[in-house]
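The same chain A turns up in both complexes below, where it pairs with chain B and then with chain C.
Entry: the complex of A and B
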């Protein structure tokens, strides 16, 4: 009896999860793989083959875009880590108990506004007739209004701003678990600031760093709105290619292949990152 | 602080001349957090190679004092000297004082070898020397084979010893220990007390040990300072503190005592008679520095082992001398603890008095409900003006 109840509750709890995994993750991806392996030989006539993937390799603009997206995403991840780490350290270790909550909340507030509105916020600031440009003209620093939008720097800045929270949260939670006396012991035994940071704080925070980097990298490489709105047509983001294939060209087969390539590419980068940092998924993402 | 001449600690002039003999000196150190005076004008000197404890209840300022010595807090006034040199303006990583933290603070991401080697690497010791020094220190703490273990694979006692080894490998002038035994279970704690004392002898280094556990302080230390609300109440050997407490706080905090509040009814300076608040007449001796005169409010302390409990039917009243306090009562309960067994006796005025008894397991042993007399010498009633 007791056993049956336990089994029933397990099944009930497990069902939504299983449905989600099967219906929203596994099935669409199987569909994508099948779709990507089809090629159109004539109207409504399809053959199975690797033509879509071969197209990708033969057309430099495709894989250049993918590589560019990867490099930019790595840059965004690095910047988010460099900016996010001091913030997380301040929140977890330096701020008092009461300020800690307030600071954390302040970091969360931008999330209440949708991605789209936040991107428009940047546009208002940075466009030719925007706040920054007008202020600089008014102050006499520049003669003519400048267009700050539609370049890589803006895209990177906008992306860092969008994703940095996902870096800060896991970092705060790992650093929070670190006993302050560990840092003090680091100094007490003769280490100076850089030594303590390099040999104690960073190794201790490594699971949080890796978890944050994975999440941020995946989010950035798969983001669509920010690069399009802030980078315009020049942004050449790979998600834009996928969107083009699906919607503009109505070439679902090629779009599916591109989608699968993006997944494979980001997975390989994450795997490489884990290998290089000597971490595993179970010690990082699963932990924080 | 009384300033009694038996504590060399207070004579600043004296240790100015002989400064090199002391590994650690604190001179009138004070520290304030906001409006709270955490450490208030504390002075101490620790001779080379001795085991010194600071004993006090939690929140008395002992941890703050230790953190100032380690350099994590800056004193508002006063001076801290290590081997005669002031270190007040030296950053913590440049002071040759190492610290064993309350929860040890071993680095979980390094193995045992790296934990011990950390300090040596920070000091730029060449790799070959690091190897031999780590091996050497592991042998001295009798754990020669653990170098490649991870921290989480060690037992509580092993972690303790690694934390000490990590400090000792750097040959510190003073080793600070901040209640490191607090997290251990009782049996291990008893064993570690003895081990710490032995390690201190072996390394011949000055240990400054902080604790709220009086038995740790009494068992291990050469000298103990009893601290209360930011000040030292008394500094002395463990025997000294136990048998000759300077203040009521020390008498109550160090060792177990019966404690009565009352009023002096007569006094000739040293021997006094007092009446407790519950109306019992007790004769006692004035301790500490404050003189007791007639009418003063007094707190009296008697240690259980100084009270002799005898069954009434034994007819041994004859030996009750005039100087002795005698009261009669009924055994309320037995507190059996092997050789340290006690009885709780309810006397006629309604107080509970704790006395030590010998319980042999025979039929002559006291039982709850027995009528008994309790007697003790006036000299054993330690009285302080309150």
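Entry: the complex of A and C
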């Protein structure tokens, strides 16, 4: 009797989980892959094959865009780590008890502001008639307004801005759990700053670093608004290609192939990252 | 790092942190403050303070609270966000019990399956759900000649799309809380003769409530600001982010968008604070 109840409640609890994962994650992705293997040869006539993927390989614009998206996402991830780590360390280890909470909160609030509003803010600051340009003209540093938008540097800055909090938050929680005496011990044993950082702090923070990097990389590679709004028409971001195929050209088969390629590409990068750092998904992202 | 360092380096470090927070705040300030500039364009110079971009009811300075399309977007966003929060907190709570209390084969594998939606790019969740829903709708239409409108882009699909990854967030938040629960409290209640349902209602769920509440607010906020997944699933009932994006691309930036930004920033900051307060209560108990 007791055992039957247990089994029944397990089934009852498992049902919503299974419905969610099967209907909204697994089946849609299978559907996407099947669609990507289909090619329209005539109205209402389809053939199965790798045609959409062959198109992708034969058209340099497509795979250049994917490579470019990947490289820029790696760059953004690296920058976010380099800029964010000292901030996280400051919040977790150097700030006093009271300022720590306040700084962490300051970090969290922009997290809840939409990408759209953040990109909009950057546009107002950086465009030709924007705050930065007109302030520089007013101060006499430049003679005429400069357009800071629509170049790669701005896109990278905007992307780092959008994702950096997802790097800082896991880093702060990992570093927070680190015992200060470990750092003390490192110094007492004669290590200097860089040695302590390399031999003690970074190995300890590794799960947080990897978790932050995975989330930041995925968010960057899958981002749509920031590259489009800050980079303009020539931002050549891969998600833009997907949107283009789906909505503008109504070529769903090819759009699905692009979607699968983006997913495969990002998954491979994340998998490599996990292998190289010796971590797993459950020790990093799932740990909260 | 800076423990044995001289004051000059510590000062430099503080300056860096300060510069970072200015970097963090600058675009938000720009987006918010121009809502109060009495000008037709969100640019310098400053032409004086006004609340017209919120409350004025005539063109050309039509305020956000009189702008029909923006208000409709706000309304749809709220409806979608409430549905997503309720659904994802419910499933997240079930998942928490499943993974903390349940014993079943391949539990680790299923746990990873639960986390995966969070690392799938939002664009791909959007298109894959769109593809499946459309092909289901097409098959039904061909076989039975019925048009299943709910499987076409619209509110229902937007809710499903957002729910598909927000549930991971709620599950993680509620699981973390349930793990801290002391099961002897339930045993005590059983020993005192309480039924299973009663224990759940009077002991376990009240303990979980702060986390469920915080998870609900987080889902509400994430749903409200979501763009990537929504973009592919949206029908004629466009939520606020889509309406704003359309306006930005087609009309260009006008200060009414700053007014909406200000409104959203204040709203989400308040909600985020509320969720932090709710979470904080737990450390006291």
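Note that the second predicted complex is superposed on the first by the 270 of 288 C-alpha atoms of A that agree within 3 Å, B and C clash if a C-alpha of one lies under 4 Å from a C-alpha of the other, contacts with A are read in each partner's own complex, and residues count from 1 in each chain.
Criterion: a residue touches a chain if its C-beta (ideal position, glycine included) is under 8 Å from a C-beta of that chain, and two chains touch if they have at least 3 such contacts.
If you're wondering where the values come from, they're calculated on a predicted model, not measured in any experiment.
Peer 1: Do chain B and chain C fit side by side on chain A in the superposed arrangement, or is it a clash?
Peer 2: Here chain B and chain C can both sit on chain A without a clash.
Peer 1: In the overlay, answer first, second, both or neither for which of chain B and chain C A:187 touches.
Peer 2: In the superposed model, A:187 contacts both chain B and chain C.
Peer 1: Look at A:163 in the shared chain and tell me whether it touches chain B only, chain C only, both, or neither; answer first, second, both or neither.
Peer 2: In the superposition, A:163 contacts neither chain B nor chain C.
Peer 1: For the overlaid structures, how many degrees, to the nearest 10, lie between chain B and chain C at the C-alpha centre of chain A?
Peer 2: 90
Peer 1: Look at A:263 in the shared chain and tell me whether it touches chain B only, chain C only, both, or neither; answer first, second, both or neither.
Peer 2: Touch partner of A:263: chain C, not chain B.
Peer 1: If we overlay the two complexes on their shared chain A, which of chain B and chain C does A:89 touch? Say first, second, both or neither.
Peer 2: The answer is second: A:89 touches chain C but not chain B.
Peer 1: When the two structures are overlaid on chain A, which partner does A:80 contact: first (chain B), second (chain C), both, or neither?
Peer 2: A:80: touches no partner chain.
Peer 1: Check whether A:179 is in contact with chain B, with chain C, with both or with neither, and answer first, second, both or neither.
Peer 2: The answer is first: A:179 touches chain B but not chain C.
Peer 1: Could you tell me if A:122 is touching chain B, chain C, both of them or neither one (first, second, both, neither)?
Peer 2: After superposition on chain A, A:122 lies in contact with chain C alone.
Peer 1: Check whether chain B or chain C contacts more residues of chain A in the superposed model.
Peer 2: The partner that reaches more residues of chain A in the superposed model: C.
Peer 1: Quick check: superposed on A, how many Å separate the nearest Cα atoms of chain B and chain C?
Peer 2: Here the least C-alpha separation of chain B and chain C stands at 7 Å.
Peer 1: Check chain A for residues that touch chain B in one structure and chain C in the other, and list them.
Peer 2: Residues common to the chain A contacts of chain C and of chain B are 184, 187, listed in rising order.
Peer 1: Going by the contact rule set out above, which residues of chain C touch chain A in the complex?
Peer 2: These residues of chain C touch chain A: 1-5, 13, 16-17, 20-21, 23-31, 34, 41-45, 90-91, 94-95, 97-98, 102-104, 108, 110-125, 127-132, 135, 160, 163-164, 167, 172-173, 176, 196, 221, 224-225, 227-228, 231-232, 241, 244-245, 248, 253, 257-258, 261, 264-265, 268-269, 271-272, 276.
Peer 1: Looking at the complex, which residues from chain A come into contact with chain B?
Peer 2: For this pair, the touching residues of chain A are 179, 181-182, 184-192, 195, 199-200, 203-204, 206.
Peer 1: Contact residues on chain B for chain A in the complex?
Peer 2: These residues of chain B touch chain A: 70-72, 91-94, 97-99, 101-103, 105, 107-110, 118-119, 122-123, 166-167, 170.
Peer 1: Name, in rising order, each residue of chain A that touches chain C in their complex.
Peer 2: Where chain A meets chain C, its residues are 5, 10, 13-14, 16-17, 20-21, 24-25, 27-29, 31-32, 35, 83, 86-87, 89-90, 93-94, 103, 105-118, 120-125, 129-131, 134-135, 161, 183-184, 187, 193, 196-197, 201, 214-215, 218-219, 221-225, 229, 239, 242-243, 246-247, 252, 255-256, 259, 262-263, 266, 270, 281-282, 285-286, 288.
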